[in-house]
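Please go over the structures that come below.
Two complexes follow with chain A in common, the first pairing it with chain B and the second with chain C.
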Partner chain A sequence: MNSSKIIGAIEIGTSKVVVLVGESAAHGKLRIIGKGECASAGVAKGEITDFKLASECVHRAIVEAEQMANAKIEHVFIAQTGKHLESFYNQSTVTVMSSDNIVRRTDVERAEKDAKSKELPQNRLYIHHIRNPFLLDDRVVLGPVGMGGKKLQVGYWCVTGDKNKIRDHVGIIGGFGMRVDDMIISSLASGVMVASADEKKSGVIVLDIGSGTTDYAVYRDGFVVYCGVVPVGGDHLTNDLSLGLRINRKNAESLKVELDKAFIDKSEAENRIWMIGDKGIGERNIPVQSIVKIINARMEELFNIVLKQVNVHVPVRELSAGAILTGGSSRLYGIEQSAADVFGIEVRRGQHPEWISKDIEGPEYSTALGLFHYALTAQESNSERDDGAQKQKSAGFIKKILNFKL
Partner chain B sequence: MLPKKQTTPAPINNWRDLPQLNKNRAVSPQAIQRRRRFILNVLGISFGVVCSAVLCGYAIYEYKQQPDMFQMKTAVQPLETIYFHTDGVLTREWVESKLGIAKGTDLIALNIAELDEALEAQGQVRDATVQIVFPNALRITVREHRPVMRVRINGSDGKVQNWVVSELGDVYPGFNYPQATLQGMPFLGGVNLIRQGKGYAPIPGIVVVAELLETARYCVPELYLNWRVVLLDDFDGRTDVPWASIKVQTRGMGQVIFKPKDFRKQLNRLSSIMDDAGIQRQALLKKIDLTMENRAAVQYAKAEPVIRGRLR
Partner chain C sequence: MENENFSQPNTYFASDIAGEDVRVKIIGVGGAGTNAVDRFHFDVIPGVRLAAINTDAQALASSLLEEKVMIGRGVTRGLSTGGEADLGRKAALSDRDKITHVIGSANLVFLVAGLGGGTGSGALPVIAEIAAERGAQVIAFVALPFTMEGNRRRQQADDALRELRQVCDAVIPIPNDVLLQDVADNATVLDAFAKVDSWISQGIRSICTMLFNTGMINIDFSTLKQAFISRGGKTLFGLGKGTGEDYAKNALKDLFMCPLLHLPESATCADRLLVNIIGGTDLSLAQVNEIMEMITEKFNSSDSTVIGAVVDERLNQTLEICVIGTTDIGGHKRAVRPNPPSVKPRIEVVGEEFGSNTGEPEKQTEVAKPQEWIPGLEKAGEKGAKPPSSVSVHASKLAHASKTGGIPQNEFSFVQKEEQRGFFDKTERNLFEGQDLDVPTYLRRGIKITL
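Right, the complex of A and B next:
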């Protein structure tokens, strides 16, 4: 009997919608068989602003991907981003019930239920419950069942989102006659693709810099310890260039793309660049240094916001594996230098495994590719993402998708 | 009356609890097209299911009306039944024993032509038809010879056996004839039987003899009862030769000699002679020769033959 499933990974980004279609075969292997892309419309800073426009471009990308794959998507996994996402840490403590102080399954379930059942405001919805390690009499343990102790503690990073905004995302997929199997926040999806298990254990921050938002996730001891979204991305660079150089957005975007730098060497400081390139009426040349200064200033501002938010929970300088940049806007030349200057830690660009097809090896596909990881480990029910367990699964994931092919 | 108790739904606090499929949110052309295609598919499948159901219903109806039509299409099974029809006295058991077939025989392996030949090789069978009735039966229809005389045969074991001769001259053992039928038939004599295979070659001229016997049985049944042996010493089947005659040995009226034609006239003459002779003189009759035109020679045991003329 053929047990393969057709999985769709959908990322509704600010600049474009990406749909990848994968076929999961026996033994958990996955083969990517289709890709559909469409310039986004009706989306700003990762949130739906025009339901009809957004639906049209998402559905167009789905149709394109299905046609390329020559298959119908059966299971949908979507990425979620936007400034409406919030997270908090909730911990519960239970007393071990048995007289011999041996932890039973019921004790664990009680602790987990308490930690996840915090009441939310009416307009908020849980998206993820990310479990941190158990503490048994203040000892860190991964599997407490059968161990001896009196006090069992467990904590969850709970990611929540705005009810209406999440409903819009789900509604776009539902409007195409599909059900969303799971929803994963973009930073976690990107994180599984670019950060290794060792890096997560040592401590690392993954930044997915998109067009409208920057999603980040902080890992330590192999667990997600913090995550967030900053509503600043590549689009802001275009906006800044437009304002700073007094040019329209179209020219600002082409300048950004043409220069594609956040940092320049001294030798390039005196160079100038033509605004349009045809030397026609209205054409003028602009000093490269001015452009880079604007870009660099915005990037520094972005990294400073992230630094400020993360430092509240985890000192960034303690992340010994450094920072990893991914997402479409991480292509800017010298961006890692800007980040390193702000964070004071080693920064590198995220790299996808070599066996990823050329068509989807760019950093802008990290999130969609990461969704496949969650699709393959979807046995975890009720959106419960155990990144502790994920640590052990990561190595297997590489093997699982060795069949990647486009 | 107490007011109806209001129940408040449990608050949704996980995105999974959100309603997902909402047809009113299909706002893009692609979604509308997909929904139309889905509806068409559903309609197509429904139509297919309905058509299949109608066809099945019709098939069941037809089956109930004409079950044979479907039985013919069923797979061939081992032989279960032999339907046997005859216009004579043969039985199904006799046929089965002669053909060597029994229940459970693989029907498809039977050679119908061979079965036909095997049956027609039996002297008693004039012709036979063998048909397969699918899925598991055989229909055998047989037309039998009509016996007209008995004949004594020296069997291979040296014993004398009584066989019968059909109206066409076939000689065969005769199976299942009633004793009364056999005893009512005269014996045949004065012929040389020629071996042919396991039996004998047909005897020529028996058709003519059978006509005589048949005519006698209907015209002069009281005389025919006394006929014992039909001798064909002077008859080889040719009716136009001058010496051709059929001799009949009788009980109580000696030997009667017939010319092989105009049997009705001859039998009428014989009947007159017997009437004229009276009961007392009949016992003295030794020979009545009816071969002469309009005349008959009657020989008594102790007197010279008397020529009588102008007999009816």
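Right, the complex of A and C next:
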């Protein structure tokens, strides 16, 4: 399959819809040839609240991207986020069958199948099965076939989502006569863009802080060991500022965006910054201290929630490569510091590889870019990826969705 | 929907009418509610009666109120409910007769309680229901527990709030969290609770004053009823006070900065808005006009604002504003038709009214002009004009109203949808360890924000 393919990476975000069009060539190379963007409507906290409105936005973005690329999207990969995503770890143990205690292919398959086939409640659906390393007689091994041992264990991080909410996403794309090849959760998509293989080996947490949600993935020994979603993002910050400072949302939003060193440095004492007040009431100035307090409280809480959730599975302090922040809200001034204060590890902002062009290098594009990685992976054979995120066969996934009758 | 012409005999003093028609009862329920009502000192307004209902005999005994009713003797044996809403509910159900008796013939019942505890959360919905069954207009002021009080109390409060919204004409929730924003750092607990009490009492007093006091612009009972015609929607409630030379402006500023108007759960736009202004003898009509203009613009309620203005001779260079608004459930029906407030008509109308307790003729002049606050509280079209003095309106005039009031005016930028209904309104609640993450962190943690 060497002919080039046109791949569309679509992220239906809370603040905007991003559509990137890439042309894949042989040898897993990809060229990004189109971009479409549209401010979202009908999406809140990563979930679709108004199907029609959201559809219109997505459509506009797709049209724009296709026009720029001058090509029709053939394969669609979409990102998924939202509070409804849940993940659990499921492990299975099999006894090595052969009398010589050498692990055979069939043993591995049996273990994998067991670990993946946990039944889900009626309204849930698997999105990812992320394999963790094999344990052969409690020894960590990467490829157990051919090795000697009695007991083979394998565990998967299984990410599941609400059927209806997944269907919303797939349905929007389907509404334009397009077929969704696969769905990838946002945290994993962002993770592949900003964390290096080395960092994933030493242990790293990637946080994609968007407008409506914060998606995070934890890697250790090169594997995804945990991922999750906190339905708190930049919108909450805007809302907090608007309520706390009693200003309207528009002012709160611009305050948040413009917040930078200049404000904070001048502010050490009781500094006040100028602000356009509510209409008709004239201007008002607001103490910088109050702005900082509101933001710090929200950010600290957000990071603490992540910390609490992750610590149950992996002690955050043991992630020696630290934390990487990406997503639109990671532009917020001073955010690394507040993350570092909570996590107690080094925190940096994520950087995209240099080959990515200027107009899509911002942190808000991590997820959409990451989708291409998965698109390419899917295109290659079923070989395992370095991060161990093995997708369930896309056909099966989509078939399940389509069976609902959109 | 038709007005009941309560105020027809308007040639008398308003208080006379009140004596006949409006019988107000303010009932404190549970510990917090009783304490609050205790501190009201409402005796100054004739025709308003206070009562307390509680399960805790000891707490009741210490209340200064005359009418005190203990419920649920068989359930709690005169003790408190210990925070169990179920017990509170059982107590109320077991003493329906007593409650009915307390409500008596009152046709406007204010219920005051702190939700989260047993009696407040459990008994209050039952009491509200009984009052509503008896045909009374029921307005509940409820304090919501601090976030730090924990999940259980919050859950109980939430449940109670939901039930109340079904049976009350208006429910005005006041989250205690907001107290931490509004009191001085060294304030005591008592100071803080006194603040809630004063908010509630100002709200109630404001409504009562509108009904009973003769003022520049009076509001009668049927107008009030109309203002709370749709149940279950969100409410907004705000108070402002201004003194000094620029008292009108200051009062407006204070109102717009009122913490109660900046709560995650309060509405920022009203489908129906009740505004009451209490000023000194120096209050001019131009000022009233200016104030109304600003308020209708702020709450985007230009065609459904009812105003009451009262002159309190004791006040000088002081102005108090109280706004109470309700919204229709779910819908945002007036996203596209804001009317710029027009100022002129009111001056003459009010002027005439001031002398002569409002008759029909004034309305005629008024209806014929473009209006912003005159049209009725009900959905425009079917029934339009409601004069400021809010005497009932005749159908003949309604035709007028819909003609003149319907002039499309588009110059106004309309408020964005999310600003109307609170940003996370349509989404599921965002709970983590019992806290609603959509509510600002600083508010839940009581971090004080200076403005």
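Quick note on the criterion: the second predicted complex is superposed on the first by the 360 of 406 C-alpha atoms of A that agree within 3 Å, B and C clash if a C-alpha of one lies under 4 Å from a C-alpha of the other, contacts with A are read in each partner's own complex, and residues count from 1 in each chain.
In the analysis below, a contact is a pair of C-beta atoms (placed from the backbone, for glycine too) under 8 Å apart; a residue touches a chain by one contact, two chains touch by 3 or more.
These figures come from a predicted structure and were not determined experimentally.
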Three-chain arrangement built on chain A, chain B and chain C clash or fit: fit
Which holds for A:Leu371: it touches chain B only (first), chain C only (second), both, or neither? neither
Touched partner set for A:Gly177, first chain B, second chain C, both or neither: first
Touched partner set for A:Ile324, first chain B, second chain C, both or neither: neither
Per the contact definition in the header, classify A:Asp235: touching chain B only (first), chain C only (second), both, or neither. second
In the overlay, answer first, second, both or neither for which of chain B and chain C A:Glu301 touches. second
Which partner does A:Ile166 reach: the first (chain B), the second (chain C), both, or neither? first
Minimum Cα separation, chain C to chain B, after superposition on A (Å): 21
So in the complex, which bits of chain A are touching chain B? 51-52, 55-56, 58-60, 62-63, 119-120, 122, 124-127, 161, 163, 166-167, 170-177, 179-180, 183, 382-383
Partner chain A, residues of chain B touching it in the complex: 11-16, 18-22, 25-31, 34-35, 38
Applying the document's contact rule, which stretches of chain C touch chain A when the two form their complex? 252-253, 256-257, 259, 261-264, 294, 297-298, 416, 418-419, 423-424, 426-428, 430, 432, 437-438, 440-443, 445, 447, 449-451
Using the touch definition up top, name the residues of chain A that touch chain C in the complex. 44-45, 47, 49, 83, 230-232, 235-236, 238-240, 242-246, 248-249, 278-281, 284, 286-287, 289-290, 293-294, 297-298, 300-301, 305
